[in-house]
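Chain nomenclature is as follows: A, B, C, D, E and F, assigned in order of appearance, with residue numbering initiated at 1 for each chain independently.
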Amino acid sequence: MHDVTTADRSHDRRPAARRFIDLRAPEIGERITERSILVQPLGAIEQHGPHLPLSTDSLVATAVAEAAVAEVGDELDVWLLPTLEYTKSNEHAWSPGTIWLSATTLLAVLDDIGRCVATTAAKRFVFLNGHGGNSALANVACRELRLHHGLMTFLAHPGMPADQGGSSPAGELGMGIHGGTDETSILLHLAPELVRMDLAERRVPDKIAENRYVRFGGRVSFGWLSNDFNEDGYIGDPTPATAERGEELFEGAVQGFAEALREIAAFEYGR
Amino acid sequence: MHDVTTADRSHDRRPAARRFIDLRAPEIGERITERSILVQPLGAIEQHGPHLPLSTDSLVATAVAEAAVAEVGDELDVWLLPTLEYTKSNEHAWSPGTIWLSATTLLAVLDDIGRCVATTAAKRFVFLNGHGGNSALANVACRELRLHHGLMTFLAHPGMPADQGGSSPAGELGMGIHGGTDETSILLHLAPELVRMDLAERRVPDKIAENRYVRFGGRVSFGWLSNDFNEDGYIGDPTPATAERGEELFEGAVQGFAEALREIAAFEYGR
Amino acid sequence: MHDVTTADRSHDRRPAARRFIDLRAPEIGERITERSILVQPLGAIEQHGPHLPLSTDSLVATAVAEAAVAEVGDELDVWLLPTLEYTKSNEHAWSPGTIWLSATTLLAVLDDIGRCVATTAAKRFVFLNGHGGNSALANVACRELRLHHGLMTFLAHPGMPADQGGSSPAGELGMGIHGGTDETSILLHLAPELVRMDLAERRVPDKIAENRYVRFGGRVSFGWLSNDFNEDGYIGDPTPATAERGEELFEGAVQGFAEALREIAAFEYGR
Amino acid sequence: MHDVTTADRSHDRRPAARRFIDLRAPEIGERITERSILVQPLGAIEQHGPHLPLSTDSLVATAVAEAAVAEVGDELDVWLLPTLEYTKSNEHAWSPGTIWLSATTLLAVLDDIGRCVATTAAKRFVFLNGHGGNSALANVACRELRLHHGLMTFLAHPGMPADQGGSSPAGELGMGIHGGTDETSILLHLAPELVRMDLAERRVPDKIAENRYVRFGGRVSFGWLSNDFNEDGYIGDPTPATAERGEELFEGAVQGFAEALREIAAFEYGR
Amino acid sequence: MHDVTTADRSHDRRPAARRFIDLRAPEIGERITERSILVQPLGAIEQHGPHLPLSTDSLVATAVAEAAVAEVGDELDVWLLPTLEYTKSNEHAWSPGTIWLSATTLLAVLDDIGRCVATTAAKRFVFLNGHGGNSALANVACRELRLHHGLMTFLAHPGMPADQGGSSPAGELGMGIHGGTDETSILLHLAPELVRMDLAERRVPDKIAENRYVRFGGRVSFGWLSNDFNEDGYIGDPTPATAERGEELFEGAVQGFAEALREIAAFEYGR
Amino acid sequence: MHDVTTADRSHDRRPAARRFIDLRAPEIGERITERSILVQPLGAIEQHGPHLPLSTDSLVATAVAEAAVAEVGDELDVWLLPTLEYTKSNEHAWSPGTIWLSATTLLAVLDDIGRCVATTAAKRFVFLNGHGGNSALANVACRELRLHHGLMTFLAHPGMPADQGGSSPAGELGMGIHGGTDETSILLHLAPELVRMDLAERRVPDKIAENRYVRFGGRVSFGWLSNDFNEDGYIGDPTPATAERGEELFEGAVQGFAEALREIAAFEYGR
């Protein structure tokens, strides 16, 4: 049996530099300023097919956030919040082990967090969202937090989800949205001991790609559950995944987020 | 003073063919079948600058829905629901006259509607959303309704919002997202008596266009209120708008939605 | 088959004069004053037996509101809001096609609307409620909006429901509360193409009329669902309905509401 | 100083016959049958002017319920629940000492109670409501409980509120709705030691009586707070109140409720 | 058949001195001062086995509160609120006749009450909680009310529940938490006519007492329903109960609460 | 300046054995059985005075949970869930940097988690709660989850809070409830680089210890905010804290929780 207990994933578990929660109370007043940027990673605990762990999205969001903050944190005064592990994974509600908050619960959680961030001097608050199923609600929250708490809010992704404008390898016909080539590659890079490539198969709903409007990333979006397409619950083709591709994607994601943080630091609405 | 009371907008007020709500109760059991498609337009009542009426989004969503249903309704068995006039316009909360539902209220409304649609034989339920500020929440609702009520749910737009993958004229630098060239043109076509071109000016936050990530439609989205950019609350350049362009855009939207309905009618998840 | 698609109901679809939502944002500050009265029609989409359409209550509320505003709108500075089509029709939850909001959802909707109305200069806010099943909740909302938002709130009806102090023809024993003589008559006047008199029968729960306390409009009210009385879900006798009676009732309702608006315009609590 | 501590109000504090809550658990299965009627008095704790106690509505509802159950309880198998003391008195929110639940809280409370009543064999559930400000919400609840829990629900009042179809002495012009002649009389009968007639004055908003539509009990209802009319917060004329009149009203209320219970016991919807 | 209707429980139904709700509105401003203490008894209506009435917890909380206020009310300016009869008894949801509010409903009720208490001059607000199942939620509420409404809040019990640090006779192995020796004794003292000793048996889950951590009052608490242990739903041994023991316990509870009120009157946080 | 960024806390960041979230979906069905125990640590991000980090409670709960699971996880089939970092810290709402969920939000979160756990075969669900301010709500949740989802639920603490039956050094008079000797000692053991002993002072509200009833852990609990006692917001005496004492306490907590897990594994209600 594959054994998760002896795994060594120290690379994604190193104490992050600039952890907000390791500050002591008086330091909040001293070190968090109007210039500070707070980054809130959004993970997910949800089925990712037979080949990837439930923690996939959390692992990626956390690792990208930590690496990007390590790179530009001092320069831009970025502070890292602890990853929110349980988020909105109701498209996987059918799969035991998925742990998810309802839309209204998660919206309340995000609003509560925003209320608290607004008690500090920081103005810029960034969600780094590792789970495509959160994007819509996080977008709603970005506006809520701006209106309710006056924060400047931002929503970034380690990699743009394929159904939200991101790319996906040709073999997936643009549909590698959950457990596909890219996500599997990144896991092979970050936590190979948690990946079972021997169980990975191609799971691409080819017929949908023929549509002009109603397809992933098309002009008409649609509500789906991950078992609508196949009983294994993943959508994409993990079989070509490699750790090398994963490393490349990961480094690209880190650089992309670091650059995005630079823009966020300088962002003004323009009024 | 510009007088709205004598306006004749009969073109968007003709009795729509295939109005669901004009059925009588026993007809629901007879005429609504598993093949039927129900279309729920989402409007908005919100400030649109000094040149466009509060009803802009409702007008457009209703007109496109009616025209598309007139075109393909009989062929595809599409039924039109009454436009939801009050939706989530909290980015315009600052502007008196904007009438908006909170995110949780609107989510409850959409879920209640879905619960009721699911009592009919229809399986396909389509939001035609005229207000970009609703897109994220409507996407959340699409999944909620699929999970809660078993509906196949779809989200379409008259025209894809410029901050959500849609296009925008070059003069707007991709930022004609509210009251700009295209929206104003369509209103000049649909309801010219409600448009005040003499008050229209260019309101483009040019600086944002320089960003690579944090811009409308960029990989990093951000929370904004419509008075973050300028005190007039519109974003785009209405000055080049013409009724001719509007007619072209409108007809394109109608055709696009009609074609999308064809895909929706045939859509299967592929399992 | 009865064909709803070619119906011409232009009389109830004329562009209403003084539509609030056709104002442009700066006009809200100019034209809406402390003297202005805002009218919010409340419709319903619910089964009305085999002879009347789901939209019956919406049709009536909208038509009465439009006609009354046409009559006294300029004199009293009345502005019409778009009819709320989906309201609280849970007594018809059993009947597919009924589209209803839960009590808590509708209360939230009405409170959200009141919050927005209170951002304008208007002080007087009137519900014109076409559906008796909304009256109790709308009364609750009237007080909520007065306390929460400082509005002067009013609740009027096109015709007083027979179970709330209104009259009903003798043949109905005071129980023409849903799809009976009067409502059917008004529909025959307003939208005869939507009425199926050939399917109309007498559906009066005669036994209840013998009660002194527990009857419609009696001193003891009771919770009921529309299928408690008969499986067709209407209560009253539509068979004597005529368009002439409907016209008379409609004109009476319009005049009554117009006069009520005059009182509302002059109303002071008297402190 | 008027001393409430030595008051003897034993007449309204006698152990009620047929108290549901004094049953032991196994008795619920034995003694509560499909024939049983459960009565839930609704009181209120709210300012009643300078002359009446906060507990006025609770006192009256409890006394009428107890007396009526004493009279017909055995005959009709009626069981008394404890008076709900805190209800919806938000029209008196301005007056310290008023203790009230919000509309949504009270609706949740009533729904929770209904859920529990439905675990017994009883089918008939009656609110005896001593506070006019509860009537609308209790009516909403009657339908909710019928739909959610299958109960037959009823709403009765000790005396019909003057703004809901009840009568009021001529001197009050039909406006003795809070602390007026009748309510004060009943208190003089039930708890004279709690009444301060020396502080009672006429507080009638005469001007409202001139209205045809917008008046208490008129066809147009309106949202009001009790300090909208005068700073003392009562509406009516307590000065002609007497204990004799109170006794007569009280006995009438008891007889009326007893007779209503007989109708409730025999009530069928008629299907 | 045991007859509850002729029972005489006048000792717990005497008009309490210092009843807050018998004040008239202007007296709130005169008699309630910053020094005043308001006591809110929390009862419960829930199964208590075959030998005790549903009202057990309400009876005890009310009697202790009334007696303690009679003793120290004048000295400490204590005011008694009416007992909240329906609270959180969801551990008895399985037993018909139990009437309970959900956790969120009760939390809303307590917050609403706190909001109202805070409109008076009183600063000290005390829950006297007769039902152990309320303790956790009441503790949550104590903090909520302090934060939301600025009140000094306190939670006391007639007798400390055996699973919350209180004692229990040896024969119950510390597990007399519901319907056991002590509670039955107090009822024999307060309302002997409601007790059926002939139906009382020992119901002690002896095995749990062997645990070091996971037991009632142990360092590890656990979620339980009252039918988890036995089908009769009580936990303890009522058989040794006597009225004498009950009187002693009752007087101890009264004295204890009276002394606690003295400390509450003098309590300062110490800043 | 004290530098948190270079801190090495690898001892509390080692990949935990038996991490539930590192399982892959099919493993949930294979490895999680009716015998499995799931442990959900509850942390907190809240001010802990000038000497301890915001993350104190999270650090301790996580470290104790990981160590105990490492010890008895294989034997008892225990699985570790990721620590919930944001919980109910509203007593520290006044202190910027504290990140807390409202009571209703957290209750919804815990209920959502329980709903998901109940989709697996596991029956035993344990909160290991590092923050005393969560205890009451977690106790409420234990019952909710038992009733709603059928789980056997347990609530344990790394160390029993001093206001909930736990001990506290004599110098603190039993009041070392937040940032005192013991908590500071454990942090000196687990994460010395995050502790500033030079800023630690004695903050004990001595006067409260004189009370018999109203004191921490007394029979009367009270609602408090952490700035009620002093402006630094901690309660206890951290000055005698040592890493040695911390190690001893930590090892005791780990052993205690491991033993508790053994009891939990064998626990039956006893029916």
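Keep this in mind: a contact is a pair of C-beta atoms (placed from the backbone, for glycine too) under 8 Å apart; a residue touches a chain by one contact, two chains touch by 3 or more.
Keep in mind that what you see is a predicted model, and the values were worked out from it rather than measured.
Colleague: Any chance you could name the chains that touch chain D and chain E both?
Modeller: For chain D paired with chain E, there are no chains in contact with each.
Colleague: Figure out the least number of contact steps between chain D and chain F, where 1 means they touch directly.
Modeller: The fewest touching-chain steps linking chain D to chain F number 2.
Colleague: Per the centroid of Cα atoms for each chain, what is the distance between chain B and chain F, given in Å?
Modeller: So the centroids are 48 Å from each other.
Colleague: In whole angstrom, how far does the Cα centroid of chain A sit from the Cα centroid of chain D?
Modeller: 56
Colleague: At what distance in angstrom does the C-alpha mean of chain D lie from that of chain C?
Modeller: Centres of chain C and chain D (C-alpha means) sit 29 Å apart.
Colleague: Quick check on chain D: which residues sit in contact with 2+ other chains?
Modeller: 104
Colleague: Name the shape of the chain contact graph, picking from line, ring, star, complete and other.
Modeller: Per interface graph, the chains form a ring.
Colleague: For a test of understanding, state which residues of chain D touch chain C in their complex under the given definition.
Modeller: Chain D residues touching chain C: 90-91, 93, 103-104, 107, 133, 135-137, 139-147, 151-157, 160, 165, 205-208, 211-214, 219-225, 227-231, 256, 259-260, 263-264, 267-271.
Colleague: Using the touch rule from the top, collect the residues of chain A that touch chain F in their complex.
Modeller: Spelled out, the residues of chain A in touch with chain F are 2, 4-10, 13-15, 17-26, 28-29, 32, 45, 47-55, 58, 81-82, 84-86, 95-102, 104-105, 108-109, 112-113, 116-117, 119-121, 194, 196, 199, 233.
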